[in-house]
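Notes follow the structure.
In order of appearance the chains are A, B, C and D, and numbering begins at 1 in each one.
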Amino acid sequence: MPTMILKRLAMAIPSLIGVVIVTFLLTRALPGDPAAYFAGPAATPQAIQEVRVKLGLDRPLIEQFGSYVLDLVHGNLGTSLTTGQPVAQELRNRLPASAELTLLGLLVSIVIAVPLGILAATKPNSLLDHACRVVSTAGVSLPVFFTGLILVYVFYYLLGWAPAPLGRLDVFFTEPPHVTGFYLIDSLIARDPETFLAALKQLILPALTLAIFSLAPIARMTRASMLAVLSSDFVRTARASGLSSFTVIITYAFRNAMLPVITTLGMVFSFLLGANVLVEKVFAWPGIGSYAVEALLASDFAPVQGFVLTMAVMYVMLNLLIDVLYGVVDPRVRLDA
Amino acid sequence: MTVLLDVEQVSKQFPAGGGLGPLARFKRRLSGGPNLLPKVYAVDDVSFVINKGETVGLVGESGCGKSSLVRTLTRLLDVTGGSIKLGDRELSLKPSRVFARDRDRARIQMVFQDAGESVNPRFTAFDAISDPLRRLRKLRGKTLKERVETVASQCGLPLQLLTRFPHQLSGGQRARVGIARAIAVGPDLLVLDEPTAALDVSVQVVILQLLQQLKREFGMSYLFVSHDLSVVRLLCDRVLVMYLGKIVESGPAAEVFQHPLHPYTQALVAAVPRLHDDGVERLRLSGEPRSPIDPDPNVCRFYGRCPRGTEACKTTMPALRSFGARQVACHFAEEFLPQVKSAS
Amino acid sequence: MTDIAAAPPRESALAALYKHSRYIIGENPVTGFAFALFVLIVLAAILGPHIVPYDPLQSDTTQALKPPSAHHWFGTDQIGRDVFSRVVVATRLDFFIAVASVVLVFLMGGLAGVAAGFFGGWTDRIVGRIADTIMAFPLFVLAMGIVAALGNTVQNIIIATAIVNFPLYARIARSEANIRREAGFVEAARLSGNSDWRILAFQILPNVFPILVVQMSLTMGYAILNAAGLSFIGLGVRPPTPEWGIMVAEGAAFMVAGEWWNAFFPGAALMVAVFCFNLLGDGLRDMVDPRRRT
Amino acid sequence: MISAPALSVEGLCVEFRTRGGIVRALDNVSFSVEKGETIALVGESGSGKSVTAYAVMGILDPAGRVTGGRAMFGGLDLLSATPSQIAEVRGRDIAMIFQNPRTALNPIRPVGRQIADVLIRHGNVPRNKAQAQAVEMLRAVGITDPVRRAKAYPFEMSGGMCQRVMIAIALAAKPSLLIADEPTTGLDVTTQAVIMDLVNDLAKELGMATIFITHDLALAGQRSARIVVMHAGHVVENAPTREIFEHPRHPYTSELIAATPDSAASLDELASIPGSLPDLRRADLPPCRYSERCPRKIDVCAQPLPQSTSGSGHIVACWNPLPEKALLTPTESAA
């Protein structure tokens, strides 16, 4: 098992190198001149040139890349021109907000999608089966930000059940003492049910938006792979051996059907991390997504670089986790490595 | 009997286990091990001859290297070593990648086992049969259409089926398309890779009789690959028996099946279910075949499963020795010889 | 199981496809409905600007933020422009973005994947390395980065969508080509004197193409969502050009205050279009390969 | 002492709804197997031999429906039994082994555990002892080093070994009836011989009735006491093995014997059966589905098929069968 993890890690390194290079090139090509922006609107060309030298933007690209990598190694992601704060610090503060939202959204969608997929596959052409198909096709077609807006309009504006889409916590509540940065967990640790409930109410709509968006691919893949496995030879043998239907469907069929579902999770994560940016804008969520969008609009390349890098590293680590999970479930992968 | 195909010490090796990654190879070199990658010896020093107009059977179980040998003979794969001479032309010189354009390409053709899978699903029967004629004989238009129709009817394929796709044809009809395509360009040698294995008994008979009739009509030579001994007995003049990449026995088909000399052939012949079972105690093979990866060159490949395995078999690889028209690779072949002399 | 030996009556290739597709549409009304919707969208894209009641760009502050009425079926936006006209006219731009990105990604990812799958060796390793690097980024984040770097013109949105989908197409095309590389009919083609390139072009591609077509229709849906998402965060199409994403973005602020129609109708149009492409994709998949029914 | 047969199938009819119409796969199929007896269901592809087994075991593909007949197993009619009744019988009293052993086993579960699952479910073996007993089962089917092999996965084993595991799974609960659906078709002929010996020995040891389904007439003849020949969903002939080879009475059976390569000295002697399997979706299927290809067809063949049984239990469904003890056609007598 450990050799497999080492091997997967070794394979992740080239991707990470690729990520660093691409983020560097991308942000260097940002339109607009950061030096001019930093020097202020009334600055003389001479002052702008001074700032450019200070920022080291005049040196050849390779040298800039060298110093960029050096900073990276020291965990220094540069400072944001708009907020003046070190990017690494801001990302660390805001990451829990995005992570809590994304993970809750994913949890909700898995809890709904996987059983739906299994039931739809075990009862073909039943009402449930058609429901699963409609939900998965509709879910994929719903633009994330549009779903968010509709949910806000209906549950906040019309029914008033949900709180105003203005950030992570209602104005009346104070942030729970920082342990993990996840309000739900921190408030539980602090045994503060009111804050927990308040944070949960704020989380429901954005998490639901993300869940609806990621529900579709998971349900669709679970149903498809369950259908394929249920018609396979070894399930027929299991049925012919008179094993209980639970054993046949869950222990035999679902465990095999889980493999393609786990690989789909990689793709779903990628969608989720992307959709996160949009949902944060709709719900004014103080996560790293909205942080990056503001920086992008101001052509402030340091935060954008930091954001894209963090997202990519997180995504590569998640893929690594998925590969390891795959190895746990499927001995063929574990024994080949 | 003039020799059509002369196969001389042909061997074919594949990297084992999909080949080691660069990292593993580097580690191997660090630890002083040989830089050689582990190899599967699919075909190991095989020599035989096919005469003009002869039908030679190639028999062996899965994993014995039959299809690798056949793919090197038909130049779909390159040989690792040895020579393949067609008439006076040495075929192994030109790499298989470019052999498709070679002027002798048409002289060796092949009929595949699963005719359904060996015809492009988007090709009609007409496209499948005309493709070699277009490429190798440069036929176009009317002459092409006529040639395709004559070959189709020679193979017993009704002309109205020519516009059908493979999934719209029955097993037997697809087999006929595969045969028509192979003989369209008039090859000297036709290699048949288990052409009737996927067919029902009733259809198999028809296809086998068609093959025999085509051979008589066009004077082709056949290399008939099969794991079904009773079919080989009916169709072939001579038979080669392969085991783990080597030829262990060869000779006239009737004689080899009547009085097999090599223990493996004996087990093979004994294992074939007979209609009128004479109830004689059957020889059973135990254990699993040896690994084809980097096999020890001086140990007999059959050692370990052979009922007669002795010290000699473990030290020296038995060479393929000739006894009249028969050949066998076993130290103890003589034991069965007197019986063969008195019987024939 | 029983495989029916007698072959059905003689049919030409086209008749078979027509009968097969009529059967699929017949048996699966949803695909029929999606196909009708698709035709409607194409018509809106072509005829849009000529049949629209109002000029989508002409503003009239006196009529600002009117709810849907007889005059303005979809109401008016914050500077009095007719929402219905803008939604219909926007179809052309969004449809163009979808089709262009899909064609581009097919040419880049699809062909590169087929070559990699068929030839293996170096081509396979290069294409694989490129795909891995792109796959290291979450899709939307990379699209954001590319459009921000190259500037948010329509052309860049298309390029970004194509690059982001490159790994998906390369992977599918590579695996479909790879399993066919050793297929019997490829060996037969070699025996018949076809060079590798001819086999790739005339034998492998025609078999892989339908599978990619299914993926292309699903990606059209994704491309529109992606473009709309970029517009929503201000990186997509610049106002005032009518495009569903930007219209929803502009209408979002008013939605919370109760003027829902401004953002609702472009959003709904967006959903219907993507819904139609996805259903069509499923229908095509049934036609192409009934076994892979999802 | 005429003891009740292990299984008696009477008038079994099965239909499949397909895109091209209703396929009447089985039409009035009847046969029975005595305790401890081994019979063979022989037929070409499309003859319905596997469909018969799947219908009896209740694992027909969803598009299939049993539209008539009974399958009496002990006192229970399997075709009309309740799911819970069938659940008790399947895998405990009736077991089945299949073709392509490697795909017929769970790829991500150690083989020992798969045997243990059946032992726990049917053999009322406590969970902690199941693994040990599974190892014993592996030893009983002739797998060397069973303790290590029990932890192995199907992809690490050869086709022959996977088939032994499947036999171990089937016999875990000591069933009284074993159905073997083309168990050795994909295997090498040497492995096939060893596996068939194993199945015969275990059947004798457990006094188990066995239904052996195959397309290979010679293999059927060598391994079973009685042969049931099927064609296009009909049982055309059912007789003891020696009887059926020496005096085949149904034209299809005699043609099938004459077409088997082993029966002829040269290729020209092999008989070829004209025509092909009729399309089972046709509404106008003649009562005798072989009549369109049958050289012995006479007018009365248009009438519904008779079921005549001669002395030594030789059943044939044909209006114009070959005479009982008549001189055989030249080819048979020479073999």
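Just so we're on the same page, a contact is a pair of C-beta atoms (placed from the backbone, for glycine too) under 8 Å apart; a residue touches a chain by one contact, two chains touch by 3 or more.
Here the structure is a predicted model, which means the values were calculated and not measured.
Peer 1: Tell me which has more C-beta contacts between its two chains, A-D or A-C.
Peer 2: The comparison resolves to A-C.
Peer 1: From the centre of subunit D, which chain's CA centre is farthest?
Peer 2: If we average the C-alpha coordinates per chain, A ends up farthest from subunit D.
Peer 1: If I average the C-alpha coordinates per chain and also across every protein chain shown, which chain's average lies closest to the global one?
Peer 2: C
Peer 1: Give, as an integer number of Å, the spacing between the C-alpha centres of subunit D and subunit A.
Peer 2: 54
Peer 1: Rounded to a whole Å, what is the gap between the Cα centroids of subunit A and subunit C?
Peer 2: Their C-alpha centroids are separated by 23 Å.
Peer 1: State, to the nearest whole Å, the distance from the C-alpha centre of subunit C to the C-alpha centre of subunit D.
Peer 2: Centres of subunit C and subunit D (C-alpha means) sit 51 Å apart.
Peer 1: In subunit C, which residues are in touch with two or more of the other chains?
Peer 2: 5-6, 8
Peer 1: Find every residue in subunit B that makes contact with two or more other chains and list them.
Peer 2: Only 170 qualify.
Peer 1: In subunit D, what residues contact two or more other chains?
Peer 2: Only 45, 61, 276 qualify.
Peer 1: Can you list the residues on subunit A that touch subunit C in the complex?
Peer 2: Those in contact with subunit C are residues 14-16, 18-19, 22-23, 25-27, 29-31, 137-138, 140-146, 149-150, 152-153, 156-157, 165, 220, 223-224, 227, 269-275, 277-278, 281-282, 292-293, 296-297, 304, 307-308, 311-312, 315-316.
Peer 1: Which stretch or stretches of subunit D touch subunit B in the complex?
Peer 2: 44-45, 158, 160-161, 188-190, 192-194, 197, 215-219, 221-223, 245, 255-257, 259-264, 266-268, 270-273, 276, 335
Peer 1: Please output the residues of subunit D touching subunit A within their complex, sorted ascending.
Peer 2: Interface residues on subunit D, with respect to subunit A: 57, 59, 61-62, 87-92, 95-96, 98, 100, 103-109, 117-118, 121-122, 153, 155-156, 166, 169-170, 172.
Peer 1: In the complex, go through subunit B and note every residue touching subunit D.
Peer 2: Contacts found on subunit B: 61-62, 170, 172, 200-206, 208-209, 212, 227-231, 233-235, 267-268, 270-277, 282, 284-286, 288.
Peer 1: Flag every residue of subunit C that touches subunit A in the complex, lowest number first.
Peer 2: These residues of subunit C touch subunit A: 129, 132-133, 135-146, 148-151, 221, 225, 228-229, 232-235, 245, 248-249, 252, 255-256, 258, 260, 263-264, 267, 270-271, 274-275, 277-279, 282, 292-294.
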